[in-house]
Amino acid sequence: MYELYAQTFVNGINVGALYGLAAVGLSLTFGVMKILNIAHGEFLMVGGFFAYWLFTLLGLDPFLSLPLIALALFLLGAIFYKLVFASVARFHEEVKVKNSLLVGFGLFLVFPQIARGLWTADERAITPAYSGTSFPIFGVRVAYVPLAGLIVTVVVILALHFFLTRTYFGKSVRGTSENWKAAKLMGINVDRTYMITFGLGTALAGLAGVLVALAQSVTPDVGMEWTIKALIVVVLAGIGSIGGAFFAGLILGIVEAVGAIFMGPYSVALGLVIFLLILMFRPQGLFGKG
Amino acid sequence: MIHWKKGALSAGIVLILVLIPLFVQRSDIITYLFLTLLYIILAQSWNILGGFTGQQNLGHAAFFGVGALTARYIWLHYGFPLPLAILGGGLATAAFALIIGFPAFRLRGVYFIIGTLVMAEILRMVFDNVFPRADVMPMKLLATYNLAPRYYVGLLFAVLSVVAVYWVNRSRIGLGMMSIREDEDAAEATGVNTLKYKLLAFAISTFMAGLAGGVFAYYTAATKVGDLFAPVWTFDAVIIVFVGGVGTIVGPIVGAVFFVLLKQLLSLYLPGGMHVLVFGVLFIVVVLYLPGGLIGLMAKLRKKPA
Amino acid sequence: MARGQDASGWRFWMLEVNKIDVFHGGLQALWEVSLNVDEGEIVSLIGANGAGKSTIVETIASLLAPTSGDIRFEGVRLDREPAHKVVTLGVCLIPEERGLFPGMSVLENLELGAFTPASRKVREISFKLVYELFPVLEARKNQISGTLSGGEQQMVAIARALMSKPKLLMCDEPSQGLAPIIVKNIFEVIKRINESGVGILLVEQNVRAALGLAKRAYVIENGRVTAQGESKRLLADERVREAYLGTG
Amino acid sequence: MILEVSSVTKAFGGLVAINDLDLAINEGEVVGLIGPNGSGKTTSFNLISGFIKPDRGEIIFNGKDITGFKPHRICQYGIARTFQLTKPFAGLTALQNVMIGMMYGEGKIRSVAKAKMECEKILEFVGLARRGQAPVTSFGTVDRKKLEIARALATRPRLLLLDEMMSGLTATEMEEAVRLVKAIGDSGITIIVVEHVMKAILDISSRLIVLNYGEKIAEGEPREVVRNEQVIEAYLGE
């Protein structure tokens, strides 16, 4: 019995780290730009397929492809910001959120179709030689791939934290999120900051995509599912809370994994229940300020 | 006078639609017409909440699904008569919506949108897991399957949905809903109980979505239950409303006709499924640059004759 | 009056606002507003709330765009530059209600004040200067700015603006919501900043304090300049009293 | 007494916006509520009309305790308000704007046809005759303000709160607005006006109440109040 629970717990942490990484980018763009990009999961899907390409066509190890994917997805995000989201960012607060949701919704339709054209509708997974290998510890099997994924996630989130709190540009991003008008008055180019922030958000989604393709698999339709998970995590953590998103991701992963033992197929509904409870009783999230 | 003309025109259109199956035997044409009618119901149902009340619901598929599942179940497996089954589907949907709506509407705007989106997707996953196999009509029904009665049921509910939206547009309740869309604070200050009317709009909207689900449940010979909750139902409804003209009576009708026609046309020239891509791009363009949709575009062109 | 000309003949001002019309939220907020500020001058904009004073300084800072007229700073058309460029030219606005980054520390706020490349190069010197001006900020540099008292927040706002090395500093109601003794302090500081050579455009409701500090002032009523001139003369002018209290 | 605000306090995150405020308004009065920027005038309106709840104290309207009621209920009890930045239902026609007020405010008229007729009269009263079918987006500043008043009047209020009617108006437009407010007062509706344009407020009001830092510092006959040293100090500074 102990082993079942411990193993489930470890699996939950592995999946939860992915949730966290997927959510961090979404949280960043929403916190800074007040734009909710529900096509976030689509960028994750694209990241996964890019890594799959690099792996099958060039034989590039997925962990080595991470920086390449981050760069590619950053550029893709910046382009999409300029193409569609820049004109959304000009609207007033509430219209901005609503229209960004609708535009993201449109991208939702577009991305899977393109992906199907490029990669077919088949399920794709990255399977380097070491995938599936694991080592035992305290009677639990820890697989190398998810463990490495967890480490990557922690490193990426720490790096993001460092960027936002220690670098000049990172501080200007935070300043813009707190008061964009004042940021302009300080000489910060808000439009450019938005573009870079959006690119960072999609780059983070891309990184998560690589890990998803490695630990699970990707299909052209996987985007929505990941957007939903990321949304639940963001609401759980409180919008804009970066560190909170990581821990909230872990919580969701563990709750789902443990829930599956008792509830079987119904356990996916757990996310919804948590989501609704949080909305009702703590809309600022678990880690947000009251 | 204009009133009278519009009434006559509408009656004429309905009459033609009633007569069509008597003269047209091609089942593909009847199918397209049926689908157009189904989309009109679905789009109008979204329009009441999203277009008139300004509360965008990105989880509409969930309500279509609940209605379809309920109606199909009590019709096929519990032997309810068909009209009662479809009605029951609508009522079950509205009841479910009110349970969801209470927490969701306690918060403004964006949380409602996220909430509906998340809720629909999770329902899809749950039902996909719980009912993994396709639900097929019994042999007895399949043997006597006929398109015409499906078409008439679709026509009946499509007309009812347009009448409902027409009524909303000119009634006290409709004015209250539109005031919420325009400015919630001003609506409250003017005596509108915004929570009550949001819930009312939500109930009417989801009731109609449930009816649309019921009509589809009657139409489809076999379906996976998870597919009834597929996000595509939301997409189609939202695209039709926006492309046609959000918050208008005629917009969703024009949108539905345009949607079905263009979809057929595109499927002739493009590989399967690619029409979705076209619709996605079209939708984004409409949201960003043509907020009035086709109806708005026509009005603009009429004002500025070349 | 032609551009650059005043009673004493032809001359060019550091800041020239020339007959601007501005719309705000679809409604017209300013009608043909013209005003000038010279190098090292303190000029004040006075008038009742809602008269359009904030709109004027926000337009100069390029947060709003005039539909007609033009704004020149040292000959450069400000109304054609985006807001973040205006700062690099040497014009800095301290907005109404201070516009701090409330979740960030005092130090971080000041650092962002020196965001423009030119000011970033000399920021160590600027830090020294503003800490000299406001010793309390050095003691509190790691405190989250949103948790400071109102007066301290206003100091952060002023200090942050100084970090950008402005030639013209615009202050929008620095006295708002502050106790009289703190207001006195703030005005003292503004005077010292001016003495170091920075031009000041001061928006104020506190007319006596504003006119006491500024050499010249403009009276704004309903989006128009209705009176202007030497502060001493305006202080005695019935029109000023009327603009505020309606006692003609 | 139609409205009684007693010892109401409201703080926003440590900043006290309204401090222990008492207001007493008699039926049929036109009261001017003045004070420098940030003195708590609009906050008082938000408290009375239910948009924010007081931390302490109570608000009695027409003998009923309405403290903490939602705005729509307060409106139905007979308090209507306008907003400093007008908030028209921009996607609707002027007539529809007013009809919403009529059918939801006091709510006695529920038939669309009857409401239309009544609302045409109100539009005419505020000076928007024959503009009923025009979309609100085509309205200028004055007309938006008139429409806002028409919508508030349509709710059949006994007390009307007017927030900064005059800002952004030209001198002639202001005269027209003053006449309108006087006409409303003459019809027996009690009015509280928040205003910065002093000429207008002295013309309109029979009594002035002055706020500063969320507290009442003076009240009384308008021309006397503006000569009060404390008031002058609050406005012009020391």
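Going in written order, the chains are labelled A, B, C and D, and every chain counts its residues from 1.
Just so it is clear, a residue touches a chain if its C-beta (ideal position, glycine included) is under 8 Å from a C-beta of that chain, and two chains touch if they have at least 3 such contacts.
As the structure is a prediction and not an experimental result, all values here were calculated from the model.
Under the contact definition, chain B and chain C share the contacting chains A, D. Centre to centre, using the average C-alpha position, chain A and chain C are separated by 43 Å. Computed centre separation for the pair chain A/chain B is 32 angstrom, with centres defined by C-alpha atoms. Mean C-alpha position of chain A lies 48 Å from that of chain D.
In chain D, there is no position where the chain touches two or more neighbouring chains simultaneously. Pairwise, the chains that make contact are A-B, A-C, B-D, C-D. Those residues of chain A whose C-beta lies close enough to touch chain B in the complex are 36, 38, 84, 87-88, 94, 97-99, 101-103, 105-110, 112-114, 116-117, 224-225, 228, 231-232, 235, 264-266, 268-269, 271-272, 275-276, 279-280, 283. Touching chain A in their complex are the following residues of chain B: 56, 58, 100, 103-104, 106-107, 109-111, 113-115, 117-119, 121-123, 125-126, 129-130, 231, 235, 238, 242, 271, 273-274, 276-277, 279-281, 283-284, 287-288. Of all the residues in chain C, the ones that touch chain D in their complex are 25, 27-29, 48-51, 150, 173, 175-177, 180, 205-210, 222-223, 241-248.
Chain C makes touch with chain A in their complex at residues 61, 63, 82-85, 87-88, 92-93, 95, 99-104, 108, 111-113, 115-116, 119-120, 160, 164.
Considering their complex, residues 15, 36-38, 85, 140-141, 144, 164, 167-171, 196-202, 223, 226-227, 231-232, 235-238 of chain D touch chain C.
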